Amino acid sequence: MKEMANKALRLGIIGAVAALLLAVVNNFTEPVIAERMTRELTEALTVLAAGGTPGAVETEPAPGVPQRWPIKGGKGWILELTGTGYGGPMTIVASYDTGGTVMVARLMGNNETVGFGKKAEDSSYMKIFVGTGGNRPVPRTKADLGADADTVAGATVTFSGITDALRAGSELVQEWEGR
Amino acid sequence: MERLPLVTTSPQIHAPGSTRRVMGWVLAALVPAAVWSIVLFGWRAALVITASVAAAVITEGLLNLAFKRENTLNDLSAVVTGVLIGFNMPPEVPVFIPVVASVFAIAVVKWSFGGLGSNWMNPALAGRVFVFFSWGTDMTRWTLPGIGGADAVSGPTPLGSVKLALSDLSAGIDGPMRLLESAGMPTTYLDLFLGRIPGSLGEMSALLLIIGGLLLIILKIVNWEIPVAYIGSFALFMWAFDGMQYGGGIFSGDVLFHLFTGGLMLGALFMATDMVTSPLTLKGRIIFGLGCGLFTFVIRRFGNLPEGVSLAIIFMNILVSLIDRFMKPTRYGVVS
Amino acid sequence: MNKFKTFTRGGIHPPEGKGSTSNKPIRNAPLPAVAVVPFSQHIGAPAKPLVEPGDHVEEGQLIGEPAGFVSASVHSPIPGTVKEIKNLYLPSGIKTTAAVIELDGEFSRLGKPILTRDWSVMAKDEILDILKQHGVVGQGGATFPSHVKFSVPKGRTCEVFLVNAAECEPYLSADHRVMLEHTEDIVEGIRIIKKLLDPERIVIGVEVNKPDAIEKLKAAGAADGIEVMPLKVKYPQGAEKNLIEAILDREVPSGKLPIEVGVINANVGTLVSVCEAVRDDKPVIERVVTIAGGAIAQPGNIRARVGSSIQDLIEECGGLAEEPEKFVSGGPLMGFTFIDLDSPVTKGTSGILALTKKEVQSFAATACLSCGRCVKACPMGLVPTTIFKNIEHERLDDATAFGLDDCVLCGACAYVCPSHIPLISAFKAARGRKRRLAAMNKG
Amino acid sequence: MTYIGIIITYVFVSNLVLSQFLGLCPFIGVSKNTESAVGMGFAVTFVMSLATLITWALQHFILVPLNIVFLQTVTFILVIASLVQLVEMVVRKYSPPLYQALGIYLPLITTNCGVLGIALISVNESYGPMESFIAGLSAGIGFLIALLFMSGIRERLDTEKVPKHLKGTPIAFISGGLMALAFMAFDRALLTNLIGG
Amino acid sequence: MKGLFKGLLKENPIFVLALGLCPALAVSTTVNNALGMSAATLIVLIGSNLVISSLRKHIPDDIHIPAYIVIIAAFVTLVDMTMQAYFPALSKSLGIFIPLIVVNCIILGRAEAFASKNTIGASVIDAIAMGVGFTVGLTAIALVREVLGAGTITIFPDGGVIRIPGLADKPALVFAFPAGALIVVGFLQAFFRWLGEVTNK
């Protein structure tokens, strides 16, 4: 019995020391991690705001839009959108001016295939949507792309998922802006 | 007597036949389809097929040399693999792709396991799937066949078009043929049967493949069990469940469309039947064929990959050893 | 379709090749000037020689006596003088001693009237003893001593006596001719065995490619309640286990003898020998041999004395028309090749074949394609390629588990194999190795 | 995701071994023959199902409320190790035949990263308790299937003419690679279409 | 010195012992990941070997497994947190394979087989030997996979990327997937076997 207690005690000590150590280290790293994450978010939003300043976040302003941020001074909106790609749901963030025209767009979380849909993560891929949505409609099919069609070749599903989401975003913005 | 008679173990006589003869007949049965693909796609088809055969043969020859194994080129199995790889390529494929497929097939899938007879996965199909997943865009660029192939126009395969068109299907279209029509690709069953549709080089004409396949079955080079079980179960599944996508009920699928498009005939007659990578016994082969049919159906009906036949067969290849293990013949005088 | 019975698993249909001999009556071979008589012409212990060089022997004199229970007597086929006792290899590869007898003196039996005994008054033991004294052994291939085979072990009964008249091997027609020309002897042989075994049924299994024999046997055996069962042509119908399955739908359990399922079977040639031994008091000193194959000028069936040289028999059939690829003793599927044409005919020699290159179709082995043809051909329901590969990789235990010991070495698998895999030679070698290992473990 | 979706995901689409790189050591180490492969497969399935359930509880009732998620790795692996011990004891006591069959594999499971892996994945995917359990169960079945297929192939390879240096584990890896190639048939698009329509 | 070399060839954990495979394969898509993973593993190996060998007289036999696990897990978590804080990109691409170092058979295996029986100095040397062997194995796999599967060699994600002309435009993507990884390991293993044989002669 005494031996058992002895062993339990030793194990307990090892455990406690380990837990304590981790708690201490966690104390240092947690704020660093948290701070880095907010910094990354603001950096991203600043890029998206295309010169403007992002405002406070709102959640679930509309179905299919988990989050949105106004761009201060009524210059437009930054939306988090969801689309359906080849590998299931994809997260897309995009900023629109008040006319519903895409200013900047990024493909974030996704399960697309490396070499196929994944190439949509490249900024050059998303450039083909910039400037569409307002006066120029968001491209619907590959045929609408003209010279850019090659960029999306081999990944039509991803392409449709992204363009559907962006179009929906544009329509929402126009609705909010009362057009 | 000038020379001594042979001393051999029984049996003293053998049925006529040899590996070389078996492979030779397979090649002969593939000739009509090869000729037809050259007619349809021109010199490019010849180039692709030649390149894959050459790569397969050279790889096998070099490996034999490098590892001091006896020369196995005479058995012609590497040529069969090469031809089938060529057959599985789209016409406009960059030539390095069939070459890599052949090298992978022979070096990795066949030689690593011990060469002819020792591999458990179909080399040509593994090679084809390998390059498909590596260079998918190049492997899905199709051209419309035209006699001579001179002014080939690019376009998706019927299966591909149907998949695309299905995604924004409007009401009132009752099957794949109507769907093709509405997608601006009017096609008749005869077109499908004769290969006047985009597709891989060797899978163009169901007719020529069936003729070749029947020849092999009649000559008893291949067994009937796998093609019959494969094509039969696949047709049944398609008939039963494919109509539903078009708003039809059960048993309203367009079987003919599915039988004559894509690589089904090539796969079922020439690739699932590779004896090295299919089961040893009759029961086993029927199970294998049924499995191929089921998976081809599932991948074609639900998947986005244009690869139903290849993937279904190599998936079933995995199961062959287990099938052989459990589907042994009942032994004489042994009660289990 | 299934009018005729056959066994269920496997089987093959090689070209029959019997046409050139089956319609020709049996001819007598000339008497040999020198007879080489091996003391080991049967399964079991070799006979113990009773003669020495210089001894004079009579036609049919006992020159070797059984050395043990499973052994058989050997008789001199001709009158003459023993020149020497020498060692030689039989075509089967068996090494044996043999008496070389030079013809000289009177034939005591040849041309003399046959003395007929009334065996119905004899006791069973007496009949068995006659079989033993007269050197009767099975002529269907295994040459098992008949006096042993027809002694039913205690606690067993023989329900069915099967007569193996399948003669499924290509080219051979000796049994066929014997059935046509010695029908009455066969039936008499059956009557003798019937007395020994007292079976409920007697069935003769004959393949339908011998319709004349079927008719004759039916007519001759009807009075004795002998059933004649026509069987589909398929090799190896004559292998006893498959014959039992074909006719009775019973399977002899793995590793057991046919008596386990109440069956004893014998070849038609054996029955003629039984009849001659018991009724005519004649030892086994001659047998019918088929001489055939594409290289033989005038193929036929020949009644030859044991110990005759094969060369003489071939000469008797017009010699060689072309150069043969192989000489085979026995049928082409189970027989053995040999080179020495001076080899003697033994009690078990059913045929001598001189096969041409075209008939033989031999190629160097290539890799197994797993085509499954061997599986489809195997009458025992085995997977020959798997057994082979296990042997090749030194896995004798696995090979045994897959049925190495159940294989009857019929050769059907190797016959159909497109890769010419040496299946049978591997099986034989592996069994030999197993036997040696077992002996080593014992000793 | 529906339960069916989770099952198809972890048996085929995200098969631990063939598409997630988890549990490879036993996949190579215990696949030499079918009997041991099946034994190991069942043992793993059993432990995985329980482990995902228990770690779910641990995460939601202890780590998160006490704000000590940084102890996740330590506590999860301890739970799994004790679970394996416990299972071993219980099975030995109450089912000797099962112990005979599974016993030798149980200790090996502690260092099978598949178990910890699926526990962490379930937490990352924010599955509920039942979903976690199903995920563990189907991941185990996926592992069992991969192991069974592999053992069949390796038994065949035992009697093939594999070149000397490739014999054993190298050719097992290559076979595993080819299996994974075939499993690429089961992609997410197939899954979505299957359970969605 | 000999101790160091055995980890490289004769007892190379990945190629000869076939241990610790999952992290090796999962993260070996780029050389950079492989190096990061190796470093993490090396730190955990050294740390746990050090602690375990110094505590070896104080840990009773029948609780040694849980005790070792706790020690190893603590080191792993430590590395994990540090990486998240200071190497976020690497941490993201290594994902759950960092916590999974806990069950890396090499670490527990060395703790049991070596550190529990040897002095601190010897244990650290052993840890380094095994860690270096792991690093070599992992980097070899990553090198082959990245060159074939991406046409690049990434030593540092920013600026340290070597592009291989031709391959970089049309890489054989399969090598980035598990299928390619397993095939590469198979051939590398055979290659190391052959190398072992040749160097032994």
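Lettered A, B, C, D and E in written order, each chain numbered from 1.
Methods note: contacts are C-beta pairs under 8 Å (C-beta built on N, C-alpha and C of every residue); 3 or more make two chains touch, one makes a residue touch a chain.
The shown structure was predicted, so the numbers you read here are calculated from the model rather than taken from an experiment.
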Shared chain contacts [chain B and chain C, defined touch]: D
Minimal step count in the chain contact network, chain A to chain E: 1
Distance-maximising chain from chain E - centres being C-alpha averages: C
Closest chain to the centre of mass proxy, which here is the mean CA position: B
Reference chain A; chain at largest CA-centroid distance: C
Inter-centroid spacing, chain E versus chain B (mean Cα positions, whole Å): 41
Separation of chain C from chain E, taking each centre as the mean of its C-alpha atoms, in whole Å: 69
Whole-Å gap between the CA centroids of chain A and chain B: 43
Chain centre separation in whole Å, for chain E relative to chain D (CA means): 21
Residues within chain E bordering two or more other chains: 66, 70, 73-74, 77, 81, 171, 173-174, 177, 179, 183, 186-187
For chain D, residues contacting two or more additional chains: 70-71, 74, 160-161, 166, 171, 174, 178, 181, 184, 187, 189
Per-residue overlap in chain C, given as positions that touch at least 2 other chains: 367, 386
Listing of all chain pairs that touch each other, if any do: A-B, A-D, A-E, B-C, B-D, B-E, C-D, D-E
Complex contact set, residues of chain B against chain D: 67, 108-109, 111-115, 117-118, 120-121, 126, 129-130, 133, 295, 298-299, 302-305, 307, 311-312, 314-315, 317-319, 321-322, 324-325
Residue ranges of chain A touching chain D (in the complex, touch as defined): 15, 18-19, 22-23, 26, 30, 84, 86-88, 111, 113, 157
Chain A - residues contacting chain E, complex: 6-7, 10-11, 14-15, 18-19, 21-22, 25-26, 28-30, 32-33, 36, 114-115
Contacting residues of chain E [partner chain B, same complex]: 170-175, 177, 179, 183, 186-187
Chain E partner contacts - residues on chain B that touch it in the complex: 100, 108, 112, 130-131, 133-136, 138
